[in-house]
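Given below, in the form of structure tokens, are the structures.
Next come two complexes, and both contain subunit A; in the first it sits with subunit B, in the second with subunit C.
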Partner chain A sequence: MTAVPVRSGISAVGLVVPLAGLAVLVGLAGTTHRFLSLDNARAILASTAFVGITAIGATLVMIAGSGVSLATSQTATVTAMFFLSTQQYGLVTAVTVAVLTGVALTALQGAVIGYWHANPIVLTIAAGFAIGGATTWFSGGTPVNPEVREFDVLNSTVLGLPVAVYVLLGVTVLAHLTLHRTTAGRQMYLVGSNRTAARAAGLPVGRVTVIAWAFFGACIALTGVFLASFNTSATVTLGGTLTLDAIAAVLVGGTAITGGRGSALQTLGGAVLIAVISDVLLLRGYSTGVQILVKGILVLAAVVAVHLRATRGRR
Partner chain B sequence: MHRLGLIAGALGLTLLATGCGSNAGTTGNASSADGSSSMKGKTIALVGYGSSNPWGAYFNKVFTEQLTSTGVKINDMTTMDPGTQVQKFNQALAQKPDLIVLAILDTQAMVAPIKKAKAAGVPVLAVDGPTDPSVAADVMSVLSDNEVLGEYAAQNIIEGLKAQGRETGNIIVLTGTKSMLVTQDRMKGFNKVMATAPQYRVVDEQDANWDPQLSGTIAQQLLAKHGRDGVQAAYGMADYMALPIIQAAKQAGFPIGKDGLVVTSSNCFKAGIDAVKAGELYGTATEDPGTIAKQSADYTVRFLTGKKPPQSETVKEERVTAANVDQFAEQCSHA
Partner chain C sequence: MIQIDGLTRAFHGVPAVSGVSFTVGAGEIHGLCGHNGAGKSTVVKMLTGQLTPDSGRIVIGDEPVELRSRQAAQRAGVALVDQELSVVPALTVGENMLLGDIHAPLVNRRRAAYAHCRRVLDDMGLEGIDPDQPLSTLSIGEQQLIEIAKALSQRARLVILDEPTATLTDVESASVFAAIRRVAATGCSIIFVSHRLAEVLELCHSVTVLRDGRKIATTPTADLTVDALIVQMLGEPPFRLAAARKPDHDLAHALRISGLRVPGRLRDFSLTANAGRIYALAGQLGSGASDVLRAVAGLHPTAIGTVELHDRPVPVRDPVAAARHGVAFLSNDRKSEGLFLDRSVGWNLTATRLPFFARAGVLQPRRELVIARALAERSGLPEHRLGDPVAALSGGNQQKAFVGRCLGRDDVFALLLDEPTRGVDIGGRAAIHQLLRRAADAGLVVLFASTELDELLELGDVIVTMRDGQIVNRYDGDVDVDGVLLMRDMTRGIA
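Our next item is the complex of A and B:
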């Protein structure tokens, strides 16, 4: 297997703009009351965890050239419901059921995309409606309220940080190793760079795509597990804005939406950056609406920057 | 099996008819309003909250069940998307039903459709949340008492802080969508009662958009912002917003309950009732979908049978704390 091509050639402007942005952020953060406190650092990491875990999984899918999934929130919701519904069988069983559900639902979509070349956007819109509709149908819109609370341990903290933060770090390391130390991971970059060429070269495009989506499904399920534990019950709308939040974190991290470029560590950085900016705005008294607006601008800037880098690289 | 179901249904209807014959209250089946025969052939368009929302799901279920025996036809046009709701309302209008039952998602967006309904002579019954004041006279309504729900939340906080012997205290508030009148009315009631206890101060109020995940994130950040000594109480506008506050506080090392952070909500769900029983949620309030669905169904029967109910009715809300939680546990456990 060949090594992953390293792309360089970042222009001065390409470096100056993000660095200037970072300097502004550091300046704002440093002069924001209570930003530089241990409690606030913990809060930022804690608020990064749920979206971050899903975003790490979404990174593999995007690198492998499958774009984005628009069925993420619905999948997280259904795994959360399975997790809470199986509490009476013990925590390990409940987590296993949730993860298997997430992997099965998502890998199936990956198979249709990888083997039958379905458009990921169209397919995942359909999957989102199907999963969301089926969840509403079977649950009748009623929340899942477990009698047994095995999940309480997942809300605990270790060294002041929620368990979910450690899982985020673990998932990031696992994704990084998968992408850079395994054949399937390296093939994800190649498939994402040029699917047609990868197929012509005899790479197992279908299998690689399924592996990326299966990993993503496991990550969504873990987010569902933590969301369910945090909220102590699960409604059909539990997934909330997870779909777009995860995509935003991946894009802000600099992963190319067209595939072939990016990393799990960058996505972790993107998720933390969004959380830091939201935190600074909140501490400075800006409303939720302003936070969402700034997140949108940030995503747009990241996409433009990645596009410009890619365009320059081709010249 | 099918025949058995029919027999059971007929028996049930007979029992309901006889059992509720002398009961003019709102807790029985809506057919008790003596309107079954004259409602056959009439049509209702239910442009309500979608069943993906637990509150909406139970409201729709109870409302439909209450009216099934009357013979009225109910067209399900429910949704949780404000834009789709406007479209569905317009579709309902084109069908010329005898009544449109409307649970509003976007107050402003529904102004023009309501005016159109008035011009077309199709009556509209708004349930749960109020319409924009400019069209309030154009609809009938069965409304939750949101101002009182906000008052109850403030009472819970004041009572909880006083019970801890605190002479001062800081409060954070996570609201529902601020542009909604429901949210504004709750804050109006909340602020009115909080003004009677100026020693307790709201230090932060954030729009959490009725979103549990967002509520958790904002709570984590606000608790870090103010620190353990800087927040003594929190108000999450619904149970599913208050519970993430509790989890965020626990993870940030805040004590909860009797000697810790006083957390309250203002409309009940089963998970909230469990938290009140566990001593983690100081209190909540009813606004349960079952009660308002029954009253809305009863109002519908009275209207469609020509009994001319008052233009607007308000559902009686109840405050729920550890002292009376058992009394409301069943009522609050359907969503």
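Our next item is the complex of A and C:
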């Protein structure tokens, strides 16, 4: 995609280990009863979509060197509530309100991080509590339960796949093009690769950071919209474990937590991989606990692999 | 008494220090001087166990010692006070003094430790500092004194001070000197490494000068002057004749810097520079030369003053605005503040000119490739390496990629370079000098800071010497200049 391709230094070991893992997975999946069915493939994609949309946005933020956001679930919840409580104005208006809310809240955090060099972890913990607290306060702890149900259309399926899957694919393509074909995307890679150097070179570090976070905010809002539609109501706990699930998908995709490396397609792969493994474990009758445990191991393995590759490149 | 006898060390077959011998008596303060690359730091590293000598011996007291590690050196009674502070601000003065002390007991006995530190501080004349005081409450000069106190508290017999005053004010330096004298009076031997020759003469009993890895002489300071010391350091000094440079009356003023100040670093700096000329700022560490460049590039958040480029005011303290007004800055720290090391050569070359091959924010890969190829050729980089990570290039080629980033852009008017050839071999150095000359010929203002006399004289059309955050002298193209003149300005200051 890029004009000046980076020669990838994948060694024999770097290739063998993931391939072996994949072979084990294919073996397990193939011998799992009911895994190879259209319905199951559909189920996997549908379960990927919600977390996947947010994870794609989180990829841009991580590539731009801002690490992670720990306020994701809360932001998804508040956008879901806004979406449900504006149903009477029509679907387009409701989605727009949700997206603008997500962008505003998240881009604001990006501005504080990009222009005033705040620590993303600390800032987003604070923002998460603030947003979560405000949401609980204003909702009074009661679920938002709209009478007008414009959102039903979002729960429908088109050509056998849920709408959310198409949105996930659309967001992925958009993120991919942004990262690889736009000035802002290139600058995200540069800022993430070496923030000090980017600053000394006069690159607009602040602006780039805000753009990445704004994109992220829009993605979180879309996830919020689908969560709200799926549940038909929203409580303060709607966001659930979205924060860490999204981070897990980005990391399993191989995006470096230190920034500068990764891509939207990789994150899509990471999200699908997590969903496939969870599905295999589910079909084989393992408990939710085992699924979560395996997810943890997967994240660890991916982070170690990315780190090894990065340090080898530097030698 | 410390005896250094025939110390020799080579790197990859190239000798850095050959057969250096000198003696430092008990209670003596011994200066160690030499220009860049003379071998001072190699000697210091061998004395502190960071490098093992190829041959030669070190005798402390009566017995020869083998210093294979910093711990071994500490055990033998050698302590180093580095130019960079290595104290921990969050700990107390006393805790800092005992930090890393191999003699310290396993279980900290507070009262005994306090009394020990109190005694050491008193010995140095620092009655005003309490061992229980947090280190962060002290000034930088006082923190430097605690570094020395740390060396003393660890029962050092030889204290090596490596440029301890480079970043201190005159008052702070004076108190450091007083402390050093008191330490020497206790019978401790001291080696004082410094570029500040006047200070060396004031403080030391005798001075050993190194040049090209060899000892030139050890002379009692009573028989020395700053000029004599400079001649020892430089040998045949490099020079530049007036005729070598055209005068520049006919050129337009391009860069105007006036009243530029950075608290604690740069006192007052003004310079009017013409397009098409190379201006050299000559100054040692702490002279403010590199701070001038950083401030103009917007990288000093506390800088004040006015900068104009082609009659447009450039806001200070804002790197993005500086770049927008046509200032390109190259840091002396290529690895951490310069290149995007894990990205390709191509990406590095084009990093700051994305708008040149973007239409409405969308990159045009074909145009990018054309531009990257042209830049590679212009900066003397092989085209087939455009896709390689820049970290895989040699130091010289990395620097070419770094410089190349700023070339051939009609929106850059001033090129600021801090140590443009640091860590670059001779061939690469000549190539980079050529690139800079061509940039100047193309109408840019080139302003660089360096400590290398050869580089200053070869490249600078106008040489401005600096010390202690201000200008000492300015040598235009129509006067003869030589290394002794520059060194005198850089080391002694305003006469």
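The rule is short, and it goes like this: the second predicted complex is superposed on the first by the 309 of 315 C-alpha atoms of A that agree within 3 Å, B and C clash if a C-alpha of one lies under 4 Å from a C-alpha of the other, contacts with A are read in each partner's own complex, and residues count from 1 in each chain.
Criterion: contacts are C-beta pairs under 8 Å (C-beta built on N, C-alpha and C of every residue); 3 or more make two chains touch, one makes a residue touch a chain.
Since we're looking at a predicted model, the values are computed, not measured.
*Asks:* Return fit or clash for subunit B versus subunit C, each positioned on subunit A through the superposition.
*Replies:* Once subunit A is superposed (C-alpha atoms), there is room for both subunit B and subunit C without a clash.
*Asks:* Classify the contacts of A:40 with the two partner chains as first (subunit B alone), second (subunit C alone), both, or neither.
*Replies:* first
*Asks:* Quick one: is A:201 in contact with subunit B, with subunit C, with both, or with neither? Answer first, second, both or neither.
*Replies:* A:201 contacts subunit C only, not subunit B.
*Asks:* Scan A:157 for contacts with subunit B and subunit C and give back first, second, both or neither.
*Replies:* The answer is first: A:157 touches subunit B but not subunit C.
*Asks:* Counting only touches as set out at the top, which of subunit B and subunit C does A:183 meet: first, second, both, neither?
*Replies:* Touch partner of A:183: subunit C, not subunit B.
*Asks:* Is A:295 touching the first partner subunit B, the second partner subunit C, both, or neither of them?
*Replies:* Neither subunit B nor subunit C is touched by A:295.
*Asks:* Which angle, to the nearest 10 degrees, do you get at the Cα centre of subunit A between the Cα centres of subunit B and subunit C?
*Replies:* 130
*Asks:* Is A:261 contacted by the first partner subunit B, the second partner subunit C, both or neither?
*Replies:* second
*Asks:* Smallest separation in Å between any Cα of subunit B and any Cα of subunit C in the superposed model?
*Replies:* 31
*Asks:* Which bits of subunit B are touching subunit A when the two form their complex?
*Replies:* Per the stated touch rule, the residues are 50-54, 56-58, 60-61, 80, 206-209, 211-214, 216-218, 220-227, 240, 243-244, 247-248, 250-253, 269-271, 274-275, 334-335.
*Asks:* Across the complex, what residues on subunit A touch subunit B?
*Replies:* Spelled out, the residues of subunit A in touch with subunit B are 33-34, 37, 39-40, 42-44, 46-47, 50, 132, 136, 140-143, 145, 155, 157, 160, 162, 227, 230-233, 235-242, 278-279, 282-283, 287-289.
*Asks:* Enumerate the contact residues on subunit C facing subunit A in the complex.
*Replies:* 297-299, 319-320, 322-324, 327-329, 331, 336-347, 350-352, 354-355, 358, 361-363, 365-369, 372, 386-389, 391, 405
*Asks:* Which residues, counting only subunit A, touch subunit C once they are in their complex?
*Replies:* Touch residues, subunit A against subunit C: 1-7, 180-184, 186-187, 189-190, 193-194, 196-206, 260-261, 310, 313-314.
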